[in-house]
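In what follows, chain A forms one complex with chain B and a second complex with chain C.
== the complex of A and B ==
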């Protein structure tokens, strides 16, 4: 029982990170039909910006701010302008291929210019073990969960209760009608790229202390984000958090109770089952098929 | 048009001659690289059938190369001939590919991409974990090279010809297939599935077929790959291989017959050409792919195709202008 509790809590914590990454992923898909195969690398890179900042003598908090700003500029604005905009009208597949190439480029770039060794990364939250009903729970897990949930709530608020958010939703649902209603569609799409850049930066700060900063650390995270996004529902922010946490818990429980060899197979089986039996995701609404 | 056909024929003859004559002057390593190109071309041709002609996204072609390679390695190390391994691999990949086609009947585009992506990762886990069958991470060593028509294809040079011959047979088969009514049904499926259905094309059957046949060719590539490298372990068959094959098809030009050959050539031979850049070749390749996708989403052959279409349109409009001018003279 006590192991179960600590497994569930730490599963929720990693799940919260998956959710952050997954939300960014679905935002890009909704506003611009971008399937970002580099999403995992998008989480890997900000940590290296921050490390570079700290190597130049910045304090940790300043490095985080500067790293996030650089990420917004490069992974948000430059990514959209240079890669997504010219390819939007050609459909989703060439753009997906381009993001695959981008992910190779980011991995190789970090490996060439920063080295292949894993770098330690300071943690925002001190790691203290708490004891609750006999289970050991790390403050890091609780902190991750809190920051993750806070970020999702803030995003929910932004999307549902502010004018900009409503305009973004309108853009996602029907760009043509949104344009007719006078919504600056282009700017809304840009906002979603910027929000994605901020989300991956937050995820990067949260996850890197656990897994260290390494050029290949985005691979599993990217896959987890895809799965979380689809399991939860591709067109719902709430879906992504449910999908992320469900995935985090399943992953942890499968590793402990089923088999460590096939732990990564369980989420994939979940993914295939959801796609086959409920393609719109657990919380999603069905998308209409166009002829 | 006929000069274009003549040029194609000339290029083809030159290419074949080069592939037949050049190996006698190639080093062991160069032979290996060109043989690898032939193997990857076969796998990419299969994916081009599924993706380029039938329009079904698959991120699992690498698994089929793996299934083929393991079938070949397991059977030939147990003393069975390569031909038997080939038959088993083809049947196995056909069945798995057929089954993988079922999700495509329900979901499309990015969902299909993710189902196949998940399948790809699952396949790798099976290769790695089922040690009783695949020997796990230790791999299968000393995969023997086959005996064909009474000739032992042991030397690198002889095995090179096995690879090239296989590529030739596969190329001819696929060329015949896409010119048959089947090929046209595949294209109909890609261009407009609902219209194809309303015209009486059994889209359900052809979707499954597109997956099954494309996967088979992945299996064929795998059976040849095993004796080429003589050592099979799970590491080459990760999701990366599937993504690489997908990039080959798209870079060359999906839906063009020559696309996979060109794409495989760039992916396999370019690293050797760019050897002098040391570690930077993947960076250069990635940048090249991104720029290519921005300039021409239909790949390298897409550029050529557009140029040729533009030229023939220009010619046609010039001819029209001349024709109307001559009519003008008469009146």
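== the complex of A and C ==
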């Protein structure tokens, strides 16, 4: 029994990582119909901004603030202005391909300037192990889970219960009508990119102590988060949490009870099953264009 | 003949004689290196590249090999055997004197035949046992192969740790599978039961399920055979879940990068190490100091591999007395290079007819965030 609890708890912790990154996928899709295939690299990059700050002598907390500010400017505002705006008018597919190119550029850029080796990254949450019903739970994992859930709740509140959030949703559903209604469409879209940049910075601070700061750390993370977003429902922020946690737990159970060698195939099998039987995702709602 | 004409003739003759007597501006020795500079093996390839570059800078500063400066081109295999094969073909098209790399056994497996076909010696970093067992006369190691190291590890686990059961955690690629096959056979010979045989993925982040399986199997020791980043993550998880039995690996497990990344979780880990910058050997310490001064970090064994590869080329070329790619491999087979003759080789090394090496090795333990040599294991043939 304690084995099962341990597997579920550690699966939830890993799933929370995926969820935190997947939230960005769903947010950008919900508000601007953008699929960002560089989302994994968006989580990788802020850690390097922060490491650069620490190397310049900044304390960790200041490096986090500076790194987040730079990320908001580059991964939020500049990303939207320089890449999304010119590409989105040609449709979602060219933009998706452009973000793939961006992910390669980001990886190569970090490798060029920071080297190819993994760097240790300090943890904001002290790594203390708690024992619960025979299972060992790390405070880092609990922190990740708590931040993931809090981020979803905050975003749900913002999108559904505030004027700005409703304007963002209206912008996503029909920008022309939103504009006629007097909604500042450009500003609303910009908000979603800035929120995504803040989210990836938070994810970066929490995830990098586990993943290590490395130019390639976004590869696995981005793919897993993308699968989590589809499984949970691409058009529901709360779907990201469900998809992420389901993926984390499935991976652990598969490794333990099926085979360690075939573990990486199981999440893909889950993805196929969802696409076949519930293409809008477990919590998603059917819409004209389903991802 | 006027005085002016005589002087002019004399000047011309002197110049001509001068050109003939002075060493002709020798053609540089061109090397090609295909390394894992990105992807899962980035630590391996980057260290190898930096080690090779350091050796080349040292040799060139002293005038090169037999008056020839060395130049090298590094290509990034992206830790992908398919890319490595294409890059090795491209490298061979540039007619290198010797081909260096790749470092990953899986890549060497698909590239070594290309170098052999071109008749170019290939000094590589792979450690899988099978690489030198195919009858290829052009492939040479820079470190021990698994067939040399695993019996020593198995013997240590049986005789020193006195383990009756072990868990084997290995990475599911050519390197990991090769090591796992050899050590499991060694365990079987010594009557040690493998109670958990766990394959993991390259780039894997979450080791909770694997470690849980180890815990449930309750082995007397755990043999960990993973790449750098994954070793660090596995060590962290093993510590987190309270696994207290001895953790033993081979080279990678106690590398400085793994120690840095794993933090305190690497404490007490043991490994057989063919090459270590912590070796209590003055020449190795000098290499470590120079490497750290140039690159601002302490290298792992892959840095030494790259460094040694260049000094092997120097020793062989000087033995031949000329730059002769056709006879390079033949000369290196059966050759012993002694550190007293070629200090850059750091430790005496002998190459056998397969391209495998015999050299002293080390049994190390991680103590206070550093690799400490417990025992020096001498050369098989002094």
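The criterion applied here is as follows: the second predicted complex is superposed on the first by the 288 of 291 C-alpha atoms of A that agree within 3 Å, B and C clash if a C-alpha of one lies under 4 Å from a C-alpha of the other, contacts with A are read in each partner's own complex, and residues count from 1 in each chain.
Please note the rule applied: a contact is a pair of C-beta atoms (placed from the backbone, for glycine too) under 8 Å apart; a residue touches a chain by one contact, two chains touch by 3 or more.
Given the structure is predicted, the values throughout are model-derived calculations rather than measurements.
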{"item": "First (chain B), second (chain C), both or neither touched by A:275", "value": "first"}
{"item": "Touching partner for A:98 - first (chain B), second (chain C), both, neither", "value": "first"}
{"item": "Which superposed partner A:261 touches (first chain B, second chain C, both, neither)", "value": "both"}
{"item": "First (chain B), second (chain C), both or neither touched by A:187", "value": "neither"}
{"item": "First, second, both or neither for A:81, with chain B first and chain C second", "value": "neither"}
{"item": "Which superposed partner A:35 touches (first chain B, second chain C, both, neither)", "value": "first"}
{"item": "Chain B versus chain C as contact partner of A:7, first or second or both or neither", "value": "second"}
{"item": "Doubly contacted residues of chain A, that is, touched by chain B and again by chain C", "value": "111, 261, 264"}
{"item": "Contact footprint of chain B on chain A as seen in their complex", "value": "29, 35, 37, 83, 86-87, 90-98, 100-102, 104-105, 108-109, 111-112, 223, 226-227, 230, 234, 261-262, 264-265, 268-269, 271-272, 275-276, 279, 291"}
{"item": "Parts of chain A lying in touch with chain C, wherever the complex brings them together", "value": "3, 6-7, 10-11, 13-14, 107, 111, 115-118, 120, 129, 136, 138, 210-212, 214-216, 219-220, 248, 251-253, 255-256, 260-261, 263-264"}
{"item": "Parts of chain C lying in touch with chain A, wherever the complex brings them together", "value": "37-40, 42-43, 45-46, 172, 198-201, 203, 205-206, 208-210, 212-213, 216, 228-229, 232-233, 240-242, 257, 260-261, 263, 297"}
{"item": "Chain A partner contacts - residues on chain B that touch it in the complex", "value": "57, 103, 106-107, 109-111, 113-115, 117-119, 121-122, 125, 128-129, 194, 243, 246-247, 250, 279-280, 282-283, 285-287, 289-290, 293-294, 297"}
